[in-house]
Each structure stands twice: as C-alpha cells, then as structure tokens.
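Structure, as structure tokens:
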Amino acid sequence: MAGPYTVAAICGSLRRDSWNRKLMNAAIARAPAALAIAEVPIGDLPLFNEDLERDPWPDAVLAAGAALRAADAVLVVTPEYNASVPGPLKNALDWLSRKTSAGPAPMNGKPVALIGATPGLMGTARAQAQVRQALQNLSLPVLPGPNVFVTQAATRFDDSGALTDEMTLKMLDTLLERFVNWIERNRVGG
Amino acid sequence: MAGPYTVAAICGSLRRDSWNRKLMNAAIARAPAALAIAEVPIGDLPLFNEDLERDPWPDAVLAAGAALRAADAVLVVTPEYNASVPGPLKNALDWLSRKTSAGPAPMNGKPVALIGATPGLMGTARAQAQVRQALQNLSLPVLPGPNVFVTQAATRFDDSGALTDEMTLKMLDTLLERFVNWIERNRVGG
Amino acid sequence: MAGPYTVAAICGSLRRDSWNRKLMNAAIARAPAALAIAEVPIGDLPLFNEDLERDPWPDAVLAAGAALRAADAVLVVTPEYNASVPGPLKNALDWLSRKTSAGPAPMNGKPVALIGATPGLMGTARAQAQVRQALQNLSLPVLPGPNVFVTQAATRFDDSGALTDEMTLKMLDTLLERFVNWIERNRVGG
Amino acid sequence: MAGPYTVAAICGSLRRDSWNRKLMNAAIARAPAALAIAEVPIGDLPLFNEDLERDPWPDAVLAAGAALRAADAVLVVTPEYNASVPGPLKNALDWLSRKTSAGPAPMNGKPVALIGATPGLMGTARAQAQVRQALQNLSLPVLPGPNVFVTQAATRFDDSGALTDEMTLKMLDTLLERFVNWIERNRVGG
C-alpha cells in the first residue's frame, strides 16, 4: 500500500472561524489512512520582501519552510477575494517558492491539491485558477480534478463547524482518494 | 484644462532597490501637469484578516485607506512573482477594497492605471492580467492600454536608478497622457 | 440626450435555442431608447487563418466586419465552454480584430459590454474574464460592471424563451443603462 | 522501457507556413524513441454548435475524434492571438471534449503537453495558461513544465523551416523526455 504520506495544509484565510478553516479541518478529519494532513500556519509570515532574504532569514519563513520541506505533498485551501487569489495565500506561496538559507525552495517538487469555499456561488473557481497558474510555473504536479468548489458555504457546515453536506463530503473524499494516487505517481522519486 | 488630479501610487515590490520602485519614481517624475502622483506605502499593512476588521482597525490600514480616499485615481506598479500577482500587492488591494470604520472602500470608483517591470521577458503581462481581474470585479474603470510591460529591466535604467530607455519612456508618457483623459472621463462625478 | 447608439451584438453560442441567444434577445428587447442593439451573426465565419487574409477576403469576414464598423459599440454575449471562452466566439474576435481589405480592424476603439449565461452556477465568470483579456489587449474600453452572470439559466426564462427572472432583468437593465453612459464617455471622438 | 506511445499533435495555427507548424514539425522530428507524434488536423472542423451533435455527426468531428481516441496522449501546439487562446484551437478542444455518436469524449483521460511560439516576446504564455484552464476543467493531467515559450520565432528557425536555435532545441528535448515519463505515470491504466 502507498504511503502514508504527510501533507502540509495551507489555509488562505486567516480568520479564526473561516469557512476555509472548517473545510481544511474536514479534510484533516476525513483523510484516508494513506494521508496524514497537518496545517502549516502562514499568518505570521512577513509580507514578501527580497530585502529580508538574508541571514538571518525571518524565523516564520524558516519555520514554515522547514514544515513544508518535511512534507510529501501540499494541500492548499483557499478562499476567493475580489475574484482572485487571497493576498495572504499568495504571500505564503511567494515565500515558499524561494530557496532559503536552510535549503531549496520548500515547494520544490511537491504534489499539490486544491480545495476552497465561498459564501456565494463561485466556490473559488477563479482563485484556484490563479493558484494553479503560480504552481504550474514552478513545474509542480497539481491534481487536475475533481474540482472541490464549495459554494454557499453557510449551508454546508453544522453549528459545530463540521462539514455535513453530503455532496461536498463525497467530492472531498474523492479528491483525497485521488490525491493519494497522485502523490504516489508524481512525487519526487515516485 | 483637466485636473490636476491626485494619483495614489501603489508599488507591489517592497524591496528598496526594486525595478518597480524605480519605474514608479519615473512615473512620478514624468507626470504631466494634470497629474500629481505620490506613493501610498503598503509595506506596513498586516496580512489581510477579517478578524482585524473591528475597532480599532489597524493603523496602517486606516492610514493607507485615508490616502487612497483622498486621491482621484490610482496607479498600480507591479512586479510579477510566480507568473502572477505579488502577494503583498494583492494583500493591499484586498484591504483597500473593504469599507473601514472610517468610511467606504478606499478603492471605490477610482480610475486605475497599471504598469510593471520584470528582469525577464514577460514584463508583468500575467501579473497585470490578474490585477485587472480583481479590479474589474470591483467595477473599477481600469485604463485599457497601452500596455506598459517593462522587460529586461536591468537594461532600462541607469546607475542612478533613472529610467533611460527611450521606448519605455515613450510608452510611459503615452500611458500617463491617456490616464489624464481616462480620469477626466471615468472618475466619480466625471 | 446621448445617442441613440447602434450596438452590434455577438452571440458566442451558435445553437438556435441557446440560453445566450435568449439572453441576447432580452437585451435587444429591453434596450433603453439610447441604444439600438442588433445581432451581427458569426456562424458563417471560417476558422481564422492568416492565409485567407488576402483578396478576396472571405465574404463572411467582410460582411461581419462592415456591420461592426458601422456600429458605435459591441455587446458580447457568451456561454462558457470548458471553463473558458467558446471557440466560435474567440474565432470571431480574432477575425474582427484584424484590419481587412475593406478598412481598419472592425473592433477598433469600440466600447464593449459583456453578458453571459450558463446552465450551472458559474454564470460565465471565467469565459468573460478571458474575453476581457483579449479585448484589453486591443486597448478597448470594456464596461467594468455590473457582472451579468446568469446562473442556472433554465430557471430564468419562460417557455417562450423570454427572460422573466426579476433579479436578472434588473441586472441586465442596470448594465444597459450604464452602457449608454460608458459609450458616451469612451467612444472614439467621445 | 516505456512506450512507444502515440501522441496526437494539434496545431492551433491553420496558416501553412506558421511558426507553430514548424515547431510541431520539430517536435515530430525530435521525438524520442518512446514517442510517435503525428498531427491530427483541425482545420476542417465546423464551428462548434450543439445543433450539429446528432446523427450524422459532422465527418470532420468523427475523424478527428477517432484519431484522438486512438492516441495515448496529446501535444497541443499553440500560437497566441490577442493575448489569449486562438479561436480555431479552442474550437477543436470544444469539439474534442464532447462525447460523440462514436464513443466517449476523445480527450478523456489523455495526458497533454503544451508548446507554442510567437513572433514577439510573450512566447504564448497567456495562450497556454488559457488552454491549461480548459484542460484542467476536464481533469486532464497536463505536463506542468518546462515551459516551452518560443519567443521571437523568426530568429529560431532556418530558411528550410527547421528549428535551429540551441536553447529552444534543448527545452523542447527536455519537454519531450519528461512527457514520456508523464504519460507513463498518468495515462489511463498507467
């Protein structure tokens, strides 16, 4: 059997009670046996600035980078702000695509999967497309589908924050299952 | 005669010696009489987080917002990171598209123009396209052209950081001239 | 009073009973007094091929080009195929952005507005974004908003094909009203 | 050893002497032993129209579909028109993503690689991004990199139309080598 693979989850919303945090937690909770998903927080990263790329590198960049490097794959959980990628998420990807004093670019070669939620009807289709454009340019293997575009998020979770919508659960499970196979095939050395 | 209009310039690169900062400075220096361009710094903004949207709002958000609101128009100067919009720039746009405790969304109704520079051949075509997608969704009138895509930036400036490339100067001047007319036609109350 | 302005409508779906054709017909029917909207058919255009750009140009290209040139503005009505711009629509835009033996590029300088409908939830957000990217590169002034993204099209029209959904009618009317003002401000010579 | 795999090449330019046709021919000529690349012409396809999706289907659609279905993978060779995907190429992808009277959607499950050439500096970066968006939505595994963006095409080929630029040859060879491995890992049943 494949794995288990460690997956670093990056949540593009910094709000404590965000729908995307709840969606990330659902992915963590429902991960199949072959995946161990854990969050790598990005809220303490400074705004990307090449002038900070010198010893000592910012602690938060080194910490997030080390956590990413140690993972086999990455799960990006993204909201959509202004029909596009959230600033804090892009900021994290900009840092994590740079080699640091501690080693090569943390994202290097990592298989990636994307999921996201919006209060409205778009379900992060446009934000995910922009994240894909950035990751493609890094030559990363991003799981092509299924699209997990969680629409009308307020109707998909219960009061405790648990994902309860049947259709969404099914899509999420399908994505996670395919992600195992995708990591197996496309990881470095795979 | 139209104007003079005040233009808030936002530079997407935080690096002190960035090509985009030099490009912004060239725009400031060459502004026609009808435009007064001044930078609104974005490097002190926190990462966007809805949990911070309560009294007291972060000082840096209120300060940048006030400067934007006071301007007639906005000039976005953007590098391109990972074939897409820079995180710090998107972070600023995400904040500045939200109404604050001090008033309506600072970007509201502002005519916008875009310029950008890269060390390589792309000249920020893809970053500008993503910025346009965000601004369009805010229903803002963004100057359609000309494209100011400054390629191979290291060859366009002199040692003092001044823009010296003839073709680039000409394109920049053309954009600034058209921007005057664009602001005149498309500003709120215009 | 402004206008009346003539508007060439291009429908990206060639299917006779398409939702987008019905949407275009609704725009034609509800046009304010300052707009006269009429379709310019694109179904007879050959596939774009530079080898055909010589005398005699294809009749269908010359005919569509003449109709566009005679119009003050353009309304693009687009479905979304494969999360992106429909081939037949892009084919028409590729032809109509070229100067022909009969004169300058037919799209030159035309103010444009976009609307679109899908059976599902996306409402052509991604197709419209791609159309905008093409038109921006032509330096055309495209109405920034409101977004007319008609979702779940089957629920918005009656059996006769008339648009009956209140919210959609309201958005369409708002767009058409703003388009009058947009044409007034941004047309060549305006 | 893997393969040999058959690869259907689709050229987005219909012009006989196009740079992209020459680039496609270079790929055919330099294909490693594990790849057999052959063109599937798209110039005879009608404009996409759902009303034509009934018996008898257009001959050209059935012919292109059969050729695609018989291939293990697809190589898309694209120019860039108006900063975006060419109409004729998108038209082909729209047809080939539909199931026909002769069987499932011809593109189904095919690994894809992209290359492209422009006379100017963009090298089809924006056209390829749009093609990727369409193929991603079909859940197809598209080779993430390297980017083969052939810029200033007139300087890369000799008078006979052969690709002679060393850097471009190297990038093309790298892409073709990686494509073999990509097909091996990501084809249906792979």
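Chains: A, B, C and D, in written order; residue numbering restarts at 1 for each.
Assume a contact is a pair of C-beta atoms (placed from the backbone, for glycine too) under 8 Å apart; a residue touches a chain by one contact, two chains touch by 3 or more.
Since the model is a prediction, treat every value here as computed from it, not as a measurement.
Asks: Count the C-beta pairs in contact for A-D and for C-D, then report the pair with the higher count.
Replies: Between the two chain pairs, C-D has more contacting C-beta pairs.
Asks: Look at interface A-B and say which pair in A-C, B-C or C-D is its repeat, using the rule that over half of the contact pairs are identical by residue number.
Replies: C-D
Asks: CA centre of subunit C versus CA centre of subunit D: separation in Å?
Replies: 29
Asks: Please tell me the distance, in whole Å, between the geometric centres of subunit B and subunit D computed from their C-alpha atoms.
Replies: Taking the average C-alpha coordinate of subunit B and of subunit D, the gap between them is 37 Å.
Asks: Show the residues in subunit A shared as contacts by 2 or more other chains, in ascending order.
Replies: 83, 126, 129, 133, 135-138
Asks: Which positions of subunit A touch subunit C when the two form their complex?
Replies: 83, 121-123, 125-126, 129, 151
Asks: Show which residues of subunit A lie in contact with subunit B when the two form their complex.
Replies: Against subunit B, subunit A makes touches at 13-16, 18, 42-43, 45, 47-51, 81-95, 97, 126, 130, 133-138.
Asks: Note which residues of subunit A are touching subunit D in the complex, please.
Replies: Interface residues on the subunit A side: 129, 132-133, 135-142, 144-147, 185-186, 190.
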